[in-house]
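Here chain A shows up in two complexes: once beside chain B, once beside chain C.
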Partner chain A sequence: MTRSTAMARGRQSLSRFSEYSWAGLLLIILLLVVIMSVVSDSFLSDFNIFVVLRSVATAVLIGSAQMAVLSIGQMNLSVGAIGGLAAITAGGIMDAYGLPVWLAIIGGLACGAAAGALNGIIVARTGLNAFIVTIATASVFLGLNLGLTSAQPFYDLDPNFTSFGQARFGFFPVMGFITVATMIALAVFYYRTLVGRQLLAVGGNLSAAQTAGIPVGRRVVWAHILSGLLAGGAGMLWASQLGAAQPMIGQSWLLVSFAVPIIGGVALTGGSVRIIGLFLAALIIALINNMLVHLGIDPVYVELLLGLLILGTVWASHVATRSEETKRSLR
Partner chain B sequence: MPSILRRNSPRLGLLAVTVGFWLWFAIFATGFTSDFNMFTLLRFAAVQIAIAFGQMIALSAGEMNLSLGAIGGGVAMCAGGLMEVLGLDPLLALPIGLALGALMGAINGFLVVRTGINSFVITLATASVYTGLMLAITQADSYDDLPEAFLTFSRIRVLGYPVSPLVLVMLGAAAALWLLYNKTRLGREILAVGANRRAAAMSGVNVNMTLIKTHMLSGLLAGLAGIMNAAMLADAVPRIGMDWLLPSFAIAVIGGTAITGGTVSVAGAIIGGLLVASITNGVLLLNVSNFFVNLFLGLILLLAVSLDRIRDVVETRLSMGIRR
Partner chain C sequence: MTTETTADKAAMNGRPNGVMLEATGIGKAFPGVQALDDVSLSLKSGEIHALVGENGAGKSTLIKIITGLYRQDVGTLRMGGEVVEFNNPRSSIEAGIAAVPQERSLIPEFSVGENILIERMPLRGSVFVDYDTINREAARWLEVMELDIPVTRRAARLSAAEMQLVEIVRALALESRVLLLDEPTASITPHEAAHLFEVLRSLRDRGVAVLVVTHKLEEVFELCDRVTVLRDGKNVASGEPLDGLTRDQLVAWMIGRTQLIAELPERPPRGEQAALTLRDFDTVDGVEGVNLEVFPGEIVGLYGLVGAGRTELAHAVIGASEITGGEIMVGGRKANIRSVAQALSRYRIGYVSEDRKNDGLILSKDIVFNVSVTLWRWLAKWVVGWVPDSAERELAKRHAEALDVRTPSLEQTVGNLSGGNQQKVSIAKWLAADADILIIDEPTIGIDIKTKDALHELIWALAGSGKAILLISSDMPEMVRLADRILVMKGGHLVAEMENSRRYDEISEEIMKELA
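Right after this comes the complex of A and B.
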């Protein structure tokens, strides 16, 4: 067997594997939807679908913020802290300074990007592990957030900003357009632009990327800025949905930020992004949440199920890759 | 410079920083040196250090344990429930709790070894499983009617000094860890696995077994920290462990344990824990808004890892210079 056919076959089996994991996620979603529409009358109501899709909209953004850094083989434990900081920045601009909503949104995004840039610069300059750097900066951002607000939320937000979080076309949340547009932009960025391809190259093989002349340090900073921007966007959507800029926004995001990309099929080792996987994973999580609420089951089980789901996914993908490997070696 | 000084220079630097903070707080923070404050500070530090020990042991093998807090909370609630609901004697309830911690750690280790997946993901997932189970079983109620023997243990003073017996428990755990790493085969194998997994396997170390044992010990120490935390609060509350993530990494790393594995410093973790606890305590006494405590802890952690990094770079350059 020549090398090129072997590579082609390898690529084939790789794409088959990604199809397989997609199919698995779709199956779970289908199962959850069928069970729920039989068990509960109100499940298929417009309002309930709106609630589910709205939480998908924020969870996808939160997951994409983590994915941006996972794609270069690093982690960002400050996704939630950045989201909270961006939310209170936007809230403060509207409430404390009375400035217009577009300025608040720019301010929130700038805050997210700046926080991400700080992470990226520290990681790229010092060569320290991103994990430990972002644990530390998460604490710094949270401290700043609580120190500046004294843990008091900003309630007096622009009515356009707060009504946005409740707005819907039938069952579709208006918020969802932002998420869909952002994810399309992200897909174009990763698959069609030079910088995006370079980011994936850095994640796929660091030394090869270096040898190929990619400015690795700058790309690391890029990935962290992107992560900060997405986290900031998620924080503001969250605030718009709550109708208040709560300082504690983001404090519950750690598990979700990893669960969405991991269940969606993003490799922790870097080099890959899965945009549609993010949506499917976020939908599964939202459906499980919704199911427990409808069945009147204690919400503490959400956490339990989410943990089991992550374990199940990583186990399944492990088994799948191993069987692929044995098949390939038998050929 | 004598070799013992050079070998311990990071720890000495850390000690100097800690003493500096103590002097600053002693002068400017009223009440910092009071008998009562010393008692609570040392007791708080003992719990924080015990938390860090659990992470340190995982880090030394090149692993992470994000379920440390979930295990600690689970063990505290289990021991609390056994004592309050079943009326078990603490001498029976506490070992059962610790065994549960070791079991949860062993499950982590087993999953890591069997799937070959990053311990970060495994323990992130098991953390939510353990927390979910604990909340489901306890219905998020706390056990505040604990036996008197258990409660007085954290309140009494050792020989009249402002030292809680919890500090002695921590020192006992430290001594056991020191023995583990310096005198036992398992300790050396953990460090070998942390430094270079393949080299360890080639020199005959059973890497998988060592990893399972590492996670088991990490779970055991998390359980100990959870029980200590419940004793300190005089209450087994489900919140125990939920804010351990930052201190567990910060104290271990500030103390000189590398997150890449292969190195460990028990003494460093003790000093690091004292530093973190003193800053938390002193900043509050200085009447700085306690919301800024997180900011200070984050900055200290950043500073500590950056200094470590700078020292590494300087040392590499120096040694290259000598070789030339």
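Right after this comes the complex of A and C.
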């Protein structure tokens, strides 16, 4: 690499950094941490930090599954259903068939990818809106899940699998490594590989991508497969954390799956991904959740408050990162 | 110049002055319309060929067939004598055809370099994008066009002119045997256009076949060697040499009769009290210290190049973007315009957008809907929240007729109207809303000669009826024809104000001097 191109690249990443301001998100995080460490003694304990970071680890994966489809300007309402299906697939392989854990993981990922492929193929072939397609397939996947399991969880999982969900180095959850590694791979994929760039091109300007000769249909399928894979991974982490492959895994993911990428700065219109933003957004949501627990909020109100706080955060991050373009657009 | 490789390739692949791309007997029908009927186009290597015709004549359809976006119903395409079938844009690119489409075709989040090389991203290990090569290659092509745009800048941050130039660079970088340009000079400066023409001529001299689609006849005569004219989906002329052809003949081919530019009638003198006054007007997006007045019954022209801040000024006046300094007065009273809705309802200011497809019209809806959209608030007053259908229709009918919108019915979907008629609907909308002050932004961009004339008469008549009109245009003949006074804008500032003598040469020279 010559010096000038190295400098050019330096400038490029610098400008990429400056164009998206994380300051707002960091400020919110700081605020939450300061408040909580004053209010609660146990907040800064190793175990509590572990709990928070572990939920960050899954929330980032769930958010990235949504982001994969947002990147092409579509939505995936079946992220949770795919996660649940992958979790019980992995659980079933271990419990019902007694096969080793690595096979279970491959099975779970394959199931997620297959479910995503189904979404993608339907969307690409029929031209139907992904929103409605994935609402329908979400119901199909959940139905399949309940039919296969008779709504009963798989409890008899490999001890290595369940202990993984509890394992930690001090305050750092071991499953966090999986999330970090996956996100690094995702960043490389989107910023450095041809297929990743083409996905962003499809999301950024569909007709331009088409005229540039990018195989749009195949890229749509790719995005959904990627989404399914990530959702499947999230489902298995969730099962490992619960210690059981619950059929209802994923049923509470819808809000998180959108809140994480949106707070993280991913455009709903497509064409952009934000990896670090995912982590910060997931951390905010985890902190809000944790805060509600520590303040002893009646569980009856947790859902209400969580919804309001996430709404507030989405709005705050929108204001903080409002770009020139949105300022200029017609109200 | 670095286009040598292009030359070598072209020289190898095409016999000089041999037919490079040939379309024969092309027919294409859409539901209810025969868009193209037995159309032929023969493009030789080493020529610049103009494709002209009115809106709706079938130029875009033909271009889309050549670039693989549409498939013809009948007829054949040949490249270098061999029959080719384009099932998708990729196959057209691979056959050696590069195109600059009319639509914005950059990926906003990508860098300039990546956009330029998007069709064939250089790879490392067939998986990873090779940014070093991208930046180097793209920089080389930007240099060919003498453009000083950093290769790493995101496309979303470019000005409209820069975007168009980058799109042209991208097509050049394909080093194709055939280069198609659809309205390439629509948003670039005369200086940039002149340079583009130089580059195109040098490509021609190296054997590339260049096809230019344009509405600007001056460009046809200045740049092109031969011309193909379409009218109502049929060939009127196919590959006629431009040498010796007169402008009148060309126009007659295009519109089917000789063009009569109507004399614009006298207008009553302008009103006494300024309708719109701006004092030391600053906006958030770079307009600074603008002072201007528009009187009732007057057309004030705001001339400038794309990116001079004219549209930004208009947006701020109608409350669509933030004003950071100075004041607006409407009818002599200080106005505090906070939203587009308020600009219309309280101050009677209407804005006919330059971007009728995105800002101006709802293409999927019919004429009635589009005309009455600004009025719902008013109509709905009668019965709380309910918009009476008959009232809506009545208003739409009155204004569509007044503006002579050519349509089979008022229920016609606006997206199916021609560009000129869309523009009329866009204006009708504000007339229906009874705006006293109209800001009209680039009313005739991409509009054919016949309709352009009709729109000019319309704007003239509106001023005659007492409307105060601020006309934004980069079209010098239009400016000289319509405006009473001309304000020149550059880099967010007003740099000159002049009475319009309506003597074209004198005024255009004076304006260009201000812009230099």
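Here is the rule we go by: the second predicted complex is superposed on the first by the 278 of 331 C-alpha atoms of A that agree within 3 Å, B and C clash if a C-alpha of one lies under 4 Å from a C-alpha of the other, contacts with A are read in each partner's own complex, and residues count from 1 in each chain.
One rule holds for everything that comes next: a residue touches a chain if its C-beta (ideal position, glycine included) is under 8 Å from a C-beta of that chain, and two chains touch if they have at least 3 such contacts.
These numbers were taken from a predicted model, which means no experiment stands behind them.
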> Can A:Leu306 be said to touch chain B (first), chain C (second), both, or neither?
Replying inline: first
> Regarding the shared-chain residue A:Gly213, is it in contact with chain B (first), chain C (second), both, or neither?
Replying inline: second
> Regarding the shared-chain residue A:Ile49, is it in contact with chain B (first), chain C (second), both, or neither?
Replying inline: neither
>> Which partner chains sit in contact with A:Gly204 here, chain B, chain C, both or neither? Use first/second/both/neither.
In response: second
> Tell me, which parts of chain A touch chain B in their complex?
Replying inline: 75, 122, 126-129, 131-133, 135-144, 146-147, 150-151, 254-255, 258, 262, 268, 298, 300-308, 310-311, 314-315, 318
>> Quick check: in the complex, which residue numbers of chain B touch chain A?
In response: 64, 111, 115-118, 120-122, 124-133, 135-136, 139-140, 245-246, 249-250, 253, 259-260, 289, 291-299, 301-302, 305-306, 309
> Which bits of chain A are touching chain C when the two form their complex?
Replying inline: 1-2, 5, 8-9, 11-12, 15, 19, 192-195, 197, 200-201, 204-205, 207-215, 271-272, 324-325, 327-331
>> With touch defined as at the start, can you tell me which chain C residues reach chain A in the complex?
In response: 67, 69, 88-90, 93-94, 99, 101, 103-111, 114, 118-119, 121, 123, 127-129, 131-132, 135-136, 150-154, 156, 284-285, 312, 315, 319-322, 339-340, 359
